[in-house]
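Note that the chains take the letters A, B, C, D, E and F in the order they are written out, and that residue 1 is the start of every chain.
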């Protein structure tokens, strides 16, 4: 058989499985800074929407924020290695996230033939946050507490792909910066997503032999954290996934955003990529 | 780039162009008798529907009808080599078309993961015919005169793929057999289809060197008929296409139903296949 | 008072009681073979739809199938007097039921001023069956297991009267013949019909003095089967009615299809006809 | 055939012809004062609504108004034999029409199993009037000038049968009494009714031999007025019908409200009654 | 700040609180007989509807009924000081309420720029009553037993403000007069109103020092009845409010209908007026 | 009468006139930098939406952009006193407009009890621009050429107030800065707004005696430009208004954004403020 059509036809059962479902995609890291990967990403997302699937894009932007903090000579305080988000830092983050990256992704999706709306948690009060509490006071860092389901359904049921910057405000109207992984996980969980795709700069979760683990249950993931197999920066990422699952997301995937068209590979092909975490 | 995703992504602009449009597909000949090709066909049609395109299947069934006419010892009269459709012949055709082939295609589409409804021109009085007039009286052969737009929109806007047998009745309620190509062309024309795909047992329209002509205007097609380049059984087929264009179909394609997944190749890939006839 | 209007006005309370309700009518036997009775039947059904009631027609076709089995020299095996449905028998039944009788009823309804759609269990996968199990292997005889409620509502809420042939397929896509009474009872039961009308070639259920019993509870019906008052071919018919009631149909009527306009008499007049079986 | 069902079935084509159409019925005279006829009327109207037809009832109430004018010792001035409607007369008419007769008809329709809403021209500003101009100043007598199509469609498309009293106000908010025939004709005309039924206390329009004329064109009607065949109180009645036809009503019928179930006889039986006036 | 806009802006939170909610207003007494107050009332009601709130007007008309009873020389029997409603009394009440006052309020609302429909309990069988039972037989006085939720939602969701006269019928179709306060309370209760505003000719509920009590719980109200603080004609009024609360109304307000624009003052300003009774 | 309610009631006819209409408000200048005025503005806009009017906010942000250009040491080239928008300037403008000001206004509207969505021309491709052509090449300054009506209707018909930053892209996907007055005028014109409110830092258009002109026709406005009465920075502002009128906006108002609640004063009170320009 012709290779081209074989592939299309092979994708059909996947399209059908995901039809009308919500797929939350955390977009960031290398995938976002490479123009080619960003374009691939946009095409993937547009293809999903065209096939009757509902992608929701949540993006980060750490390096770009840092670049502007530097340009603006804003010096952040650090506690135990964690940056404290004071007001100038927050404003910079908000400008870069909502004003630059968010609109750029929206435009890239349009260039790929789709229709998108660039939003943040403040719009339609999509996500309400409270000040993150913890050992240290990290300033204006927010922890999501509510999803506005009415507004969420309004955008999901529209022909416009939502692109969401991780900025949101609390009940008093104060803006906060939110960790993009946290934002994505929260929306996937409360929004009842079929999948949360965490595009990261690693292949997925590795075992002690540095081999990719293709599938994990929640319990096994917790165990691997305990025994140190999952460690370093992967710990919080897996935690956000587990939280999403607990809130109502059906499965989460940690996958490699540096891989071309990783979204289609993961969702519409047999091979799959990265590590699938299920209940 | 990974080949698989490249192909999916390459298909996207085509999906977008055909989104919400009607594609009438004349299904018949070898494609229908080969179980593998029939299954490929079903998958193609389901994929189109999944991608937001509206396929309408019109099928024939000459050989199967002949088989039953023989089994039932029904001898038809012939005038100038054309079979006269008397009542026993019509009843046999109707049983084979509506009762056997039509439901088989419907089931095959279901097996491919889609949802279909097997209908004929009588259902919802979708197509009204009158007795075909001509040099000879060919009996109960009908010529379509009206499309019931209300019923047509009802099925197009439903999640069910219509599979239509070329049987219809006149205003007095008499059933007639209709040439499947004529039925497909009529529905494509009056229904304002974006494409009429004539799946046939040839590669398309050939020039004098037996090479495939990839694109033709209506005027050029008429000329090729006149100068004998288009000849034999291809003449009526092209005529039905031209009629469809005149009634409102945007373009017709004569293509090779024996080619695997010819529908996807034609609609969702750059290469295209067969001969495209445009206004 | 003028007789004509008295009758119309007397029908009003019945129309109101049945408004928006589903009435499943098993059509078959003599009523189907007499052109006059078939026309009466069609008018009755169209009148119901016009008055805001939702008729669903399920038809059989035993004699017509036998006629074609004979013409095609298909000899069936019999076990304990029950025909075994092998593949050629099934194909013949399917062609006759779906291709001939089904479309003829659809056309007759159109001639009576209504709009109908001829379907079978395969269309929209309306009814899924499994192979009937029992003492003997009767071949391709199906037992309904699922009603596709989404598709059922789609046709009930349309202006088109569904005419359903008792052919359906199992989850593997194999076609089966279904007893028409079983099919009607299943659809009435799972579809929550207000009435199941079993048009038969007898007056209804008779008592030991050969007098018509006008009303029966389920319990009383079971008792009459036990004590032999209900016997012979009436036993399975009553059983199908009882099954329908148990699945959710509100009441079933065994009535005489040979009586002109028996449907209107039963539903829209005081007299009623046949035997009403209630929970 | 059973007489009962024959009549029901004979009514079917008429039901289909009038389906979704508007039938404006001027209800008054003897039909309204006889409890039996009023009940018959209500049943007819409910039957129409049940069959998918849209009846609109407009009623008068002259005798009942006179009775109350007398009880209240209100003496009206007369000019050339025409009563002048002063304010006390208007208030009495409004109370009797809107408060007594209107609600009584509404209730009678409910008792007949239907659902109705009693309204007048003031409600939803359904009909706006201006002071009737002419040779004499007849006081608070109104001439309809506008139909509020939005409100009219709102009630027509509801399950509630509108019962309309001939009281309406002008743009300044002053109430006026309107001749009930005029009100019915105006609503039938502007509302695009299929039929205007003028229930009166005569058999219809008679020729010089006192025989009923069953059908008339507008032109012929005008001629009969000119030559005196149509005379006396029948002249304005015919004039209101002709106006209705000119404004957009398809046909008007002057018929005998004293005949039991005259509406069903006229609309749903072959015989028809009264005089049909067509364009 | 400019006073004008300050007031508008101050009203905003109240508008938002009441958005899409139902406000039942008992209109009567002095407010109804003063043309100026009636006009103010109409404007208030139109303003509410314009701001997305759903006012429902229920009106009385005792003095106007008495005036007509006198004019018509109808002498009523009295038992223990309570009038017995015989048939002539009922008919008079119905004519005055439904034919005069109801249409006048409807017109006044139209003059104020709104759209209204004048109805009574009979229309759409909005309210069904039974004969009021008690120590004495008071004749045709009704006690509401059922609200037709389907019809109620139909009018609430329309752009037309319902104006309801306290006349309704029982299941046999007999008309009854209903106390307007009872009617308002019943509709507010069963209709799930946010507020029941009892416009009366007193400032509200007074304490023993003749000072206005601004807020009361149900329990406290019952206590004040017991200890005689609430007495005379205020007792039944408070009882109707308590009944409304128990049936589902969120809060009731007894306020002074003689105060200009009392509805807006109560609903859209901080000050509030009258006595608020809550669960 | 109570002053409070008088004002509310006086506002009613204005609310009714503007019901369901679109009001485009150019928000900028002093009104935007004063927290109190910004809060007033938000309340006004929320009040409009609550009253069934459709406000669309378009904002500028010149001073804030300048502040950041300075902080980021971006030196712009100037031609004839006009700043040339190079890429770093554009990016800064976009970040400040879309990331800071836009979200801040969105939040302020939420704080005032409303629901808003912060967007720019890129979102849903609401506005498409082309490079502004003129005597000088001003770099990435865009001129609107198309309004996406489908997306515009989508947001207008939602419960969310659109807040639009004057950033848009061309057909190639390049971002451009757009003059906020131009953006507001274009949306008001193409969107068929009832009013374009240009909030500015002057009282309106003044005559030669420095007195406010309250109303002007288009022709008169052009004349005043010619004779120098309108001069300086007011010339382009009036030009944008005239363009809006020509494209389909019904009237434009140049008014004083420094006045508290100027929007309500202009729209919902008799006095009006500023200069009204009509066709």
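Note that a contact is a pair of C-beta atoms (placed from the backbone, for glycine too) under 8 Å apart; a residue touches a chain by one contact, two chains touch by 3 or more.
Just so it is clear, the model here is predicted, and its values are computed rather than measured.
Q: Going only through chains that touch each other, how many steps at minimum separate chain D from chain F?
A: The fewest steps needed to get from chain D to chain F is 2.
Q: Among D-E, A-B or A-F, where does the C-D interface recur, judging by over half of the contact pairs matching in residue number?
A: A-B
Q: Roughly how far is chain B from chain C, going centre to centre by Cα mean, in whole Å?
A: 34
Q: Using the average of all C-alpha atoms in each chain as its centre, how far is it in Å between chain B and chain E?
A: A distance of 68 Å separates the two centres.
Q: Measuring centre to centre with CA averages, how many angstrom lie between chain B and chain D?
A: Once rounded, the distance between the two centres reads 55 Å.
Q: Graph of touching chains, which shape: line, ring, star, complete, other?
A: Its topology is that of a ring.
Q: Head round the ring from chain C, going the chain D way, and note every chain as it comes up.
A: C, D, E, F, A, B
Q: Show which residues of chain F lie in contact with chain E when the two form their complex.
A: My answer: residues 1-9, 11-13, 15-16, 19, 40, 43-44, 46-47, 50-52, 112-113, 259-261, 264-265, 268-269, 271.
Q: Going by the contact rule set out above, which residues of chain B touch chain C in the complex?
A: 71-72, 91, 94-100, 102-103, 106-108, 110-111, 115-120, 122-125, 151, 154, 158, 160, 167, 169, 173, 175
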